[in-house]
Amino acid sequence: MLRVESVSKDWKEFKLREITFDVEAGEYFIILGPSGAGKTVLLEIIAGIITPDSGGVLLEGRDVTRLPPEKRGLAYIPQNYALFPHMSVYDNIAFGLKLRKLPKQEIERKIRDISEVLGITHLLRRRPKTLSGGESQRVAIARALAVEPRLLLLDEPFANLDVRTRGRLIVEMKRWRRELGFTALHVTHSFEEAVSLGDRVGVMLDGRLVQVGSVGEVFSRPASEEVARFLGFENIIEGTAEGRLLRANGIEIELPVEASGRVRVGLRPEDVILSLEPVRTSARNELRATVESVEELGPLVRVHLKVGGIHLRAFVTRSSMLELGIEEGKELYAGFKASALHVF
Amino acid sequence: MLRVESVSKDWKEFKLREITFDVEAGEYFIILGPSGAGKTVLLEIIAGIITPDSGGVLLEGRDVTRLPPEKRGLAYIPQNYALFPHMSVYDNIAFGLKLRKLPKQEIERKIRDISEVLGITHLLRRRPKTLSGGESQRVAIARALAVEPRLLLLDEPFANLDVRTRGRLIVEMKRWRRELGFTALHVTHSFEEAVSLGDRVGVMLDGRLVQVGSVGEVFSRPASEEVARFLGFENIIEGTAEGRLLRANGIEIELPVEASGRVRVGLRPEDVILSLEPVRTSARNELRATVESVEELGPLVRVHLKVGGIHLRAFVTRSSMLELGIEEGKELYAGFKASALHVF
Amino acid sequence: DYTVAFFAIMGSFLILYIAVPLVAIFLKQAADWRMLLKTLHDGLVIRALRNSLLTATATAVIALLLGVPLGYVLARENFRGKSLVQALIDVPIVIPHSVVGIMLLVTFSKAILDNYAGIIAAMLFVSASFTVNAARDGFLAVDERLEHVARTLGASRLRAFLSIALPMALPSIASGAIMTWARAISEVGAILIVAYYPKTAQILVLEYFNNYGLRASRPLSVLLIVVSLTLFVVLR
Amino acid sequence: DYTVAFFAIMGSFLILYIAVPLVAIFLKQAADWRMLLKTLHDGLVIRALRNSLLTATATAVIALLLGVPLGYVLARENFRGKSLVQALIDVPIVIPHSVVGIMLLVTFSKAILDNYAGIIAAMLFVSASFTVNAARDGFLAVDERLEHVARTLGASRLRAFLSIALPMALPSIASGAIMTWARAISEVGAILIVAYYPKTAQILVLEYFNNYGLRASRPLSVLLIVVSLTLFVVLR
């Protein structure tokens, strides 16, 4: 349905590099990446707002790379919803329909229908400024879907909403898709949205699309070290493997599988358990560590450790930090199961 | 040394209410509170920049409430350091000394001494704009300490620094205190700073100072429900106790101590463990729960649960969220040890 | 606080220096209301006022027609020499008014000598920058993404401009146009050179003063102040 | 994109309308450089230029002395009637220049008639707002906490102002003073009424034009444009 082919673009501080992917008709495709990856630039290239430096965009087989936005037949919802503040909700939704010169009754009928599905019938007379975040998002989606676009482009649609509204809208989004059957390309930094909504996920890092696949695939088998890092494997240890033993910078680690030669393993900081005394069991790697620094992340604390010649990061809760008396220079034990290691 | 007595002030969106506390000579006193609590307003009242609506400030027994800042003999370091951008580092540090009309050699000697202690001798010719965050903070501290103030007021001194610099400065701050022997009043939202530096801590919430005591005291025995909430007991359950059993809205919870009548207990979300199957043991409360919504906090996820008639919050890591398949409507088990409960 | 008190006193001189003449002329005229009534029946005054209002209005309209598109281009596009264009728009502010008149006569000679075109030419030169700058700022304040969304919904660039950017920037553009109007009607020096005739009210003030003295020129001055201040209050 | 191209063309008319007269007067004068040389030896011209420069400079100095403290008070203090004061400072922009002259004469009468004080009075009225507004904006851009820290280190309020706020706001204040200077030297209408003598250059342009025609007034105009544009370039 949509094909993006080797698209590159330098735009402000963003650099897109050779982005290629397909979205099938009826699919919900998620592009997952940290902020600054260039996700919005990519959406704006597909929408026709920015022209790529090289590469092309195909819609249903037709090259639309040079077509202005109004001739592409897709709908774009930017992160801030971009409701027209000087028009009522009704006129916002009617905007695209009026441009298509539909008869007045037809417009009214279409707005009534879409408003019912999205649960915004009671808001039609209101001004956008008087709406809550969740209401604004519903109106933006209604305005986009009213013109029956071939493809819906969503830029971080739930990022500015509170937890509850977000949860509710994600569930409803699934229903709207069933009822209205649209194709969507949704960019986000939220793992939750990717897991809940995505048929397929593309991971975008630093202007490149580094892995595309089903949600399960991407999360369980990251294609590279940097995808692994983005998916939370903050510790990457490089060393020489011999059977199930890895030697790295003076420490020895037990591996979950046999390997040999130079290998790298990934370890999530939440899988590292800190303790004051060693609690050696068969299934567990346990290493003497020194605290280098401590970083508070709300209720969680990221502890930077030095273990022999390598650095490790571990998450502990704030209460554990207090109980263990963790501060710079503290010596303790860092343990993790062999099964928590991901060998690349 | 410093006594703040029933200070109240309405200032912009902040409302200080009847704030009273003492700081002893030589003490390092930390005021801990979330942003918006009015911590900066309190510092500015003590510094003489803002006049309180009622109450007073005493320095060494003398009422200074109406004295302008330049007559109070204390030093203030605002959150952004407030280095004078049009002067060299040397002139910044010399500013207060020149005002005191010290002879030139005396000024030079003092600046040399303080610069050596703070490790900024090589920066003296530089302009503030060319300094890193950590360097700026050192210069700000040098400028403040150069005039040998009776009291040093610090507003979130480490908030704008990266993790490593912060850790290093906290350790050094302890050394500077030993070497220079100043009294400090330090306001922050960081638990780490409170634990590492504070002789005593005052918890400030919503314009009121709600608890003052040693660090250990405050963290282990929060004086009220709201302090407990601030210190991370996000779950507060109210019910009727009978012996070691608490009945609350249709659920039963085992308590760590005997109690009777209406009681409230606090529970940290990190102490709630989620599982798909019940794993009943003697020491553990285990309850059937339904996921209401999910909130991502970086690598951690806060899960909002409904358990019978009450709401519970639990922290799980992002990888556990994926493994357990947590999403709205999911049914699972929430467990916690009786010993994790804090009875008020 | 002595420092602030001293500063406030220094500042008050300036405030009084502006306020007192405003009050003084109204008070003096109130004591001489017969003259004001007489002026209101003076055909010359009425015609001059009409000329001033007409030419200032024409100037504002031309400034809108040319300045709003220019403001939009400055707000949305980047091009070589943009900062030069920006600077050029502000140049008229610093050129002595009589010199503006000479410059225009040198350039357009008889075409603008002593006719309405000349008055408007002088006014436009000194006042157009207000509309351009206000339009540019107005368009800058309109989130470009609103226009992008309008276009993905099927609007052409012109349509997106007309239905989104223009209505939203209208308040800013309107206040720019009012400033242009006020600056236009306040101009004297350039008009004296380019078009002494047809007579405008601001020139007539000068002529009455030269021919009949202060008392004769005062009522018309009061009328012009009332017009200007009314506009100014509307603007705020 | 046709829409933007059309807008750019519309806008170009305005840009050309400002640029062409500037270029034209220099070109014409280049073809008549003898007249320019002659003007440079005209004692009347030299005296008038000196008068313009002196009075504009005096105006800028007075505006600085009174306007900087006022700007500081407006930036740092809140008081009743602050918005009225703000509005009052901007009022002179919208009042016709000849009317400004009448207002000042009504208020100060003979004290300012045909003397240096009169020229400066007229200039100050129309140009002081530039210094006040620039000083206010300059002080607003100085983080108040810098002054607070200076005071906790032992500086009085005045000392903190002199060693922190003033040096940091100086670039903004300087550009405000230059604008005041430029606006002062560009004034014609009010000076014509208040002080035709002592003769200033901008009035002499008018007089030469009325008595000897365009060719006689052109060289002095070119000189004044050079002065104004130099200042304008310094300002940017």
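Going in written order, the chains are labelled A, B, C and D, and every chain counts its residues from 1.
Going forward, contacts are C-beta pairs under 8 Å (C-beta built on N, C-alpha and C of every residue); 3 or more make two chains touch, one makes a residue touch a chain.
Just so we're clear, the structure is a prediction, and the values are computed from it rather than from any experiment.
Comparing the centres of all chains, each the average of its CA atoms, the largest separation from chain D belongs to A.
When chain pairs are compared by their number of contacting C-beta pairs, C-D comes first.
Put simply, the C-alpha centre of chain C and that of chain D have 17 angstrom between them. Chain centres here are Cα averages; for chain A and chain B they lie 32 Å apart. Put simply, the C-alpha centre of chain B and that of chain C have 56 angstrom between them.
Under the contact definition stated at the top, the residues of chain D that touch 2 or more other chains are 156-157.
Along chain B, no residue makes contact with two or more other chains. Under the stated contact rule, the graph of chain-to-chain touches is a ring, a single cycle where every chain has exactly two partners.
Contacting chain pairs (ordered by label): A-B, A-C, B-D, C-D. Those residues of chain A whose C-beta lies close enough to touch chain C in the complex are 44, 47-49, 68-70, 72, 74-78, 80, 82, 84-86, 95-96, 99-100, 143-144, 147, 153. Those residues of chain D that touch chain C in the shared complex are 1-4, 6-8, 10-11, 13-15, 17-22, 24-25, 28, 63, 65-67, 69-74, 76-77, 85, 87-99, 101-107, 124-125, 128, 132, 156-158, 161, 179, 182-183, 185-190, 192-193, 201-203, 205-206, 209, 214, 217-218, 221, 224-225, 228-229, 231-232, 236. By the touch rule above, chain B contacts chain A in their complex via residues 163-164, 166-168, 170-171, 190-192, 195-196, 219, 232, 268-271, 292-302, 304, 315, 317-322, 327-329.
In the complex of the two chains, the chain D residues touching chain B come out as 143, 145-146, 148-157, 159, 163-164, 167-168.
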